[in-house]
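The following pair of complexes shares a single chain, chain A, combined with chain B in the former and chain C in the latter.
Moving on to the complex of A and B:
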């Protein structure tokens, strides 16, 4: 059986990028974006499968604005040759359900045996799109995979995933969606020839009006109401006396504040 | 006019940054303290293929344009300065004349392994009595038996003590000064060719710098790199333009690293009840640095663009190198003042930025010599050169 694997990737702000609330309706994000950490693990996991099954066919998909193209270039640099960019800037403000609908519209045509995505995006941390894609495709999904063993000839996938501090080993057949947890694969540093290939690649875009979205709307179910600054950290008050006098000092302080009676 | 990098160039920059972050930056302090060439890192980095950046694809290179290569040098300098010196020596000066003038046999023997990182190359200009003053070169090459006999000593050679081959500048006719200079390929194992002392440097530690000795070293005619003897200086300008802009962008990277580190420090360090970033005198340092840094970087990339366009830009490259390096020297000084006493402690990176920045003063021509040439050119033509 020749495996067809689709990897879902997203471009997100670098973890060191400054993110501030500009207004209730808008965030100000420093212009430093990278392919989401867990999505790179997903790409590497797909490449690892390809090493064992050289005839496997790999795709990477990203739904979003122009920035998504860089996530796809990253996938090319790492080793995936076939990539597709779906949609446009309007997706940047859409909810997870609509993003999943867009991805599924293309996945239905590609009909992959295995879909791999990061367990959550590096920006909103929703961890929603992967399971939604699986539900919409009506295929099983296993989230938080830390190990993966595929046997296409036996139509069998063994997945290890972390649950409550334990690793559960689960078994499924194809098709299947898994979301990648840290430990599933170690993303490699791309060689420069692949970087150059990614730089020069002409990335295929499929506009929203060419996808069968069945009337779904970008803001169909979840609406962003407003952004608010997280509360600033309260002042830290250190007890000045040495141990053990600082214990009674602390108790006295809490009594003065009415926290202890 | 367009001051933007292309999307492709931005992607290339992000990819180099990722490689530098993941392979080099975690080892900066270790490399600096050990002051030994990190051969394991060299092999790991070479495997990524960047050593062939400027060389033809038929030899395993990438043949990228000048601006793309400058993006690489700038990002590389965010890592270990010493390691960056070794890498840029290999990509630029160490292999330039071999690629340009070497026979096919030489390219197969030397260039291809150099691009793979299996052989380490360098170039030898400087001697104990001459550096920027190339006319003072005392290493000689005398014609003998279908070849040349080289005698002399070269100093301050990056990767010299560990090199597998070098391009050495020697005079074939001392009476002709600059017009008597030529480049020769000398390979490790050639009789009479040996490394001398290594230099314990203040900065750029981790690159091995030292002396090379040429004691009656005979090389065949094909090892004369260039058309006929006496044309060395003519070719030198071509490579020096790139070296100077590369140095300018190294300076920009070090300055930015130092100031970014100082920025984080200023936001956290409190004095008199508030973060020092709240004080105007501290803010003025960042404001001034920002202005000089933007100007230096813009100038460097303009010079790179001029090289790429094939324009006559010898003076712009000198100016860019000098201006960016002086900006860097000032930036690491100001950053250390923001850092206060901690900048004097070896456990913090500010002392390393200070030490590394000093190296830039000399590579690509010391500023006193550059100013002399630039001043003379200005007097001849004015600023619109």
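Moving on to the complex of A and C:
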């Protein structure tokens, strides 16, 4: 069996990028974007499968505005040659349901055996697109994968996934969607020649009107009313007494606060 | 009973209803009271005693009593909820915990029900006829408020976001439900391995004591485990500690680990860079112990203590024990 794997990648602000609420309708985001943390793990996981099954066929897909192209360039730099950019800027404001619909419109044509996405994207932190894609494709999915083993005949995979305080090992056939948790693979730093290749690559775009979207609207079910500031914490109270009296000082504070009985 | 319902999806772990399940009722009654809705518990698998304890909190418990629901399995659970919706009709709202199973099930359900879904919510309320949810985005650097327009509105609620409601007047009925499942469900559970050494599980714990590289060695985490036992707390760690192989990944707190909101979070020897902060800054009270007075962790704490964690931990454990 020749395995076809599709990886879903998204470009998001770096963890350290400044993000501030400018107004109820607008965020100010520092211009430091990267391929989402868990999506790079997803790419690496696909490359790892390819190492064991060299005839596996790998694709990377990203839906959204021009920025998505950079996530795809990252996927190319890491080692995935076939990439597709779906849609345009209008998707940047869409909900996860619509994003999933857009991705699925293409996935239905590609018919991958395995779809790998990130556990959650570093911008909306939603953790929804993966399961939604799986439901739309009517295939099983496993969230939070930390290990993936294929058998030589490729009719079965064993996926370890993180559950509260446990790792569960599940067996599944194909097709299947998994979402990548930290530990599934360790993304490598691309070599310079691949980075050059990625920079020069001509990336195919499929506009929304060429995708079969079954009449869904970008924000049919949910809409953002406003952005708000995160709650702020009052100034820290530092313990003043020397050790070890500062320990009882601390415990007193916590008892006063009602946090320790 | 009002004919409009809120469903609360219960979870059992290690033989008990989870603390997050009880917290869901805090969210449920908040929105139920404003619109005169009934709060209904939904229990998949488990035992009669679980159903009965759930009924203390709800006007009705729908208990799907099926041996196949003994352990969570995504496809089977999903079919169970879907069949329940088909037989009982759509509720106005479905609430689940933002746990591994809640996060797996609810987005799928949103597609199947053609409705809206908001994940990791920290608050929900009505604005007129719309249900609004607040949720952190960009790792908590901002929050968004979303309106859900269609029924059922689906939410996963972040652990620690709501308090467990006090005395509820309810003593509801338990309705036992039998469903049929096809055998071919695609996924097969082969093995389960426990990964935590502490009794408490991180996302469920009311108190978390976390250690960073400042603890110096994996052996020193013993001190932390003793403190955890004294406080009935879970042990957490920084990424540096996990990457060094000192602790397992499911103890990692932060952007690429768990996001938690315990009542009390105590950080020992953790520098407190943004990636770590993003995972714990919604804790109710944060305490930091670090030998560097300039450590960034202090900027995100309520109480700070400058000192050597290895000296502080045993004394703190003793102090707490003596005050019991």
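Everything that follows uses one rule, which is that the second predicted complex is superposed on the first by the 234 of 261 C-alpha atoms of A that agree within 3 Å, B and C clash if a C-alpha of one lies under 4 Å from a C-alpha of the other, contacts with A are read in each partner's own complex, and residues count from 1 in each chain.
Definition applied: a residue touches a chain if its C-beta (ideal position, glycine included) is under 8 Å from a C-beta of that chain, and two chains touch if they have at least 3 such contacts.
This is a predicted model, so every value here is computed, not measured.
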For this session: Based on the superposed arrangement around chain A, label chain B with chain C as either clash or fit.
Result: fit
Exercise. Taking the superposition as given, does A:21 touch the first partner, chain B, the second, chain C, both, or neither?
Worked result: second
Exercise. With the two structures laid over each other on chain A, which partner does A:193 touch: chain B (first), chain C (second), both, or neither?
Worked result: first
Exercise. Which angle, in steps of 10°, is spanned at chain A by chain B and chain C when each chain is reduced to its C-alpha centre?
Worked result: 120
Exercise. Is A:213 in contact with chain B, with chain C, with both, or with neither (first, second, both, neither)?
Worked result: neither
Exercise. When the two structures are overlaid on chain A, which partner does A:234 contact: first (chain B), second (chain C), both, or neither?
Worked result: second
Exercise. Who wins on chain A residues touched, chain B or chain C?
Worked result: C
For this session: Please provide the least distance in Å between a C-alpha atom of chain B and a C-alpha atom of chain C in the combined superposition.
Result: 8
Problem set entry | Of all residues in chain B, those that touch chain A in their complex | 7-12, 14-15, 18-19, 22-23, 47-50, 53, 62, 64
Seminar exercise, completed: As the complex stands, chain C meets chain A at residues 13, 72, 74-75, 99-101, 103-108, 110-112, 114-120, 127, 132, 134-150, 185-196, 201-204, 249-250, 252, 255-257, 263-264, 274-275, 278, 281-282, 284-288, 293, 298-307, 311-312, 315-316, 319-320, 323
Exercise. Which residues of chain A touch chain B in the complex?
Worked result: 34, 69-70, 73-74, 77, 189-193, 195-196, 198-200
For this session: Using the touch rule from the top, collect the residues of chain A that touch chain C in their complex.
Result: 13, 15-16, 18-21, 27, 29, 37-38, 95-97, 100, 122-132, 134-136, 139-144, 146, 158, 161-173, 176, 181-183, 221-231, 233-234, 236-239, 243-244, 246-248, 250-251, 253-255, 257, 259-260
